[in-house]
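Each chain gets a letter, A, B and C, in the order it is written, and its residues are counted from 1.
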Amino acid sequence: MRHFTSAYDVPDLPKLLDAALAFKKQPRFRENLGQGRTLGMVFLNPSTRTRISTQIAARNLGMETIVFNASSDGWSLEFGDADVVMNGASVEHIREAARVFGEYFDVLAVRSFPNLQNRDEDFSEKILKQFIEHAGIPVVSLESATLHPLQSFADLLTIKELHLEKRPPRIALTWAPHLKPLPQCVANSFAQWILAWGGAELTIACPPGHELDKKFTAGAKITHDQNAALAGADFVYVKNWSATEPYGQLICDDQNWLLDPEKLAKTNRAKVMHCLPVRRNLELSSAILDSPDAVVVQQAGNRVWAAQAVLAEILKFDT
Amino acid sequence: MRHFTSAYDVPDLPKLLDAALAFKKQPRFRENLGQGRTLGMVFLNPSTRTRISTQIAARNLGMETIVFNASSDGWSLEFGDADVVMNGASVEHIREAARVFGEYFDVLAVRSFPNLQNRDEDFSEKILKQFIEHAGIPVVSLESATLHPLQSFADLLTIKELHLEKRPPRIALTWAPHLKPLPQCVANSFAQWILAWGGAELTIACPPGHELDKKFTAGAKITHDQNAALAGADFVYVKNWSATEPYGQLICDDQNWLLDPEKLAKTNRAKVMHCLPVRRNLELSSAILDSPDAVVVQQAGNRVWAAQAVLAEILKFDT
Amino acid sequence: MRHFTSAYDVPDLPKLLDAALAFKKQPRFRENLGQGRTLGMVFLNPSTRTRISTQIAARNLGMETIVFNASSDGWSLEFGDADVVMNGASVEHIREAARVFGEYFDVLAVRSFPNLQNRDEDFSEKILKQFIEHAGIPVVSLESATLHPLQSFADLLTIKELHLEKRPPRIALTWAPHLKPLPQCVANSFAQWILAWGGAELTIACPPGHELDKKFTAGAKITHDQNAALAGADFVYVKNWSATEPYGQLICDDQNWLLDPEKLAKTNRAKVMHCLPVRRNLELSSAILDSPDAVVVQQAGNRVWAAQAVLAEILKFDT
């Protein structure tokens, strides 16, 4: 694996899951794999869990990390054509910036959110793609315009750890209310990974206008009826995302979508997942979050082992 | 020692002082104690000396450090009840945040200033206590609403290094003017540590309305007469703090409280201490700061050894 | 070498160039030289390449690095007289700050731009000089009010790598248009290093009012005719800098100074250099930047080896 930007970059998903679980048991068993190599972490948007878990993962492999926060360094990148006349606010073109990062680092990790203004632009993944095109080194997505693969890999890992029955787990991904129009990345990516894995039944429930792109959800059952999705589910993934039509907007404020213990009772004693940060009693009820049904902290913890398996795979490939 | 938040968390203060002095002589003699472990440093408020000295201390023990600045990452924590409806500015509840930090780190260090609006809230130390309650790992205070224990430990270390006579040192803690209403932490904490140590005579001089809480100062002599406190002192600790009544306000601008060489002449050739940063000729005269009487740089340097002794004690306990 | 602030701090420039080239071949061959030592990096102004390349250089030598960004930590330094009354915005005097950094770090690296308001003040290098005066440890400039020595050393390294003929290279340093008034540091420093090296012919072309100070350029040919400077050049260094008279202002917006392929044709197939970040089609045409004539990425990459040679020299001297 050279780059890691989606489930479809992974040549052997079951093997990568096993590698992550092996690191969870013995975090340092490959502690020299990244010796003398540096992971550059470029944040065009803020990060908590992703940054910290990836730094720990890198160090478990003996890699150094260097963090570059574009905003706090007042550094505005240009992603326009090569021939753009740069007489505006942006101070450096991605063509130079990425090539220079390629000189300094051995692996480059990049976070860049969608702007939620222009669907085609976001779906083109032009920022992530330009980093890959120009850096000349392996690139790991720390969340891009449409996907959040390290999150989804950790989510899948959590499901694999918790689902001990032989039959495929029944998974419901359900939309939740929020105050702000959020990216669709986590939801798109969760669907993509569950479907790429192939070992589960996935139902996605959302209000009209919030249907995710089929590119990510083909193979899942889509419904506007949350109760139907919850019925008999083994896992419920709770997440808000902004509308798909009109793109990127906040069009539904129906508080009935909030998951509470009464709704959870319709499931098969489901474990409740969320990528965090979560707004209590807006997205998800505190009664659930403070109960053993919620596995959100386990998910967050698994971010380390997911990132470590990914970095190890890239280091092995690239050596 | 599991957590470090005040002098009273330390089971054996003389022994901890000796450990710090041993690290000062041989910084790396326990360089493998923290191998493979990570100190998470969460700053809800800015820091210079505390952050840098603690990072160096951790690395001297072989620990990695990861710094998380809440403000520059635009991350606003919720400290309200578990059942709060999070439809405002805060994006993550401490209950989730601290538990996730507990997954990622081996030891958590936290800085959080008082808001100086509500005395009971500040004195409850609710922020630090919630980190401890939810993180599930050892927590080190990097300054909290009412105390600054790593500073005070370094201060005490400096006094121990400098006071070579057998009799107990006479120490004056004197209020100084300032432009802004500052926390009472450094003053509270200095008093607490000196009194917990028990080997000194402490006099605290301040304007009316600035008397520190007896919880921290019981056992010290309190006066409004700065000259009385200075007379015969071996050490003079200079520090501003905001009023205690009305709480957190700036009520005294009497420039006569500025310590200058004329006043210092009343002491027993006292060494002059300050936690830094210090505003020259507002809090403390430059004539003193630029003389050998000032030991402020030695104090700041001792921050490393204080932090290293604390981390080593926690690592040993927690192993 | 104790401090590194200009070409004239280097006792043996050819030897330092050879050391940098040796590190480029074998980055880790002195990986224990800085073991147990910490490089403190203080940024009064933002940085991308300089920070990252210096961190990697330090780690290649086994040194730890700690970064302190004054702005994002809301920390405003006072550089006035020792006797200043600090009742304004600045919170800490350089006399205390630098002495404390001297306690914590083994080597101190500092970036501080000119204010471009007062030529004498900028040319006095008072900020860098005060760090050196008070820190008591070796100081490395990461760009100061008038010079950028790590950049220029990397530039010279790039020229040495690329110029394979026996005759001295002909080098043109040419002014370029920009939107903002920029420091003169890179241009001053490039001239200083080329002239200190002594192995090249240097011509500097700029609009009237932009002539750099003779302190840095004595020995170079100065012209207002860009074409004359380009004729037969082996290297063309493109860079904007603000006016020298009136000091620090933007007085020329003549777009004819933009280097494009037509002008480049007048050279001896010159390699085109720029310190980055570069504004495409404002300072330098994209047709050149995207061609093999541009060596800007090689320059940026060489920043690591330049910094590593400098740090190694300081560590050896200081041991």
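Just so we're on the same page, contacts are C-beta pairs under 8 Å (C-beta built on N, C-alpha and C of every residue); 3 or more make two chains touch, one makes a residue touch a chain.
Owing to the predicted nature of the structure, the values given are computational and were not obtained by experimental measurement.
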Response to the item:
Given that subunit A and subunit C share one sequence, their CA atoms superpose after a rotation (degrees, nearest 5) of 120
Worksheet item: Do subunit B and subunit C face each other with the same patch, meaning over half of the contact numbers show up on both, or with different patches?
Response: different
Practice prompt. Provide the C-alpha centroid distance between subunit B and subunit C, rounded to the nearest whole angstrom.
Written response: 39
Worksheet item: Can you list the subunit C residues in contact with two or more other chains?
Response: 72
Discussion item. Show me the residue ranges of subunit A that touch subunit C in the complex, using the header's touch definition.
Written reply: 36, 38, 40, 64, 66, 68, 72-75, 78, 82-87, 91-93, 95-97, 99-100, 102-104
Practice prompt. Could you pull out which subunit A residues touch subunit B in their complex?
Written response: 27-28, 46-49, 52-53, 55-56, 59, 69, 72, 179, 276-282, 286, 289-290, 296-297, 300-301, 304
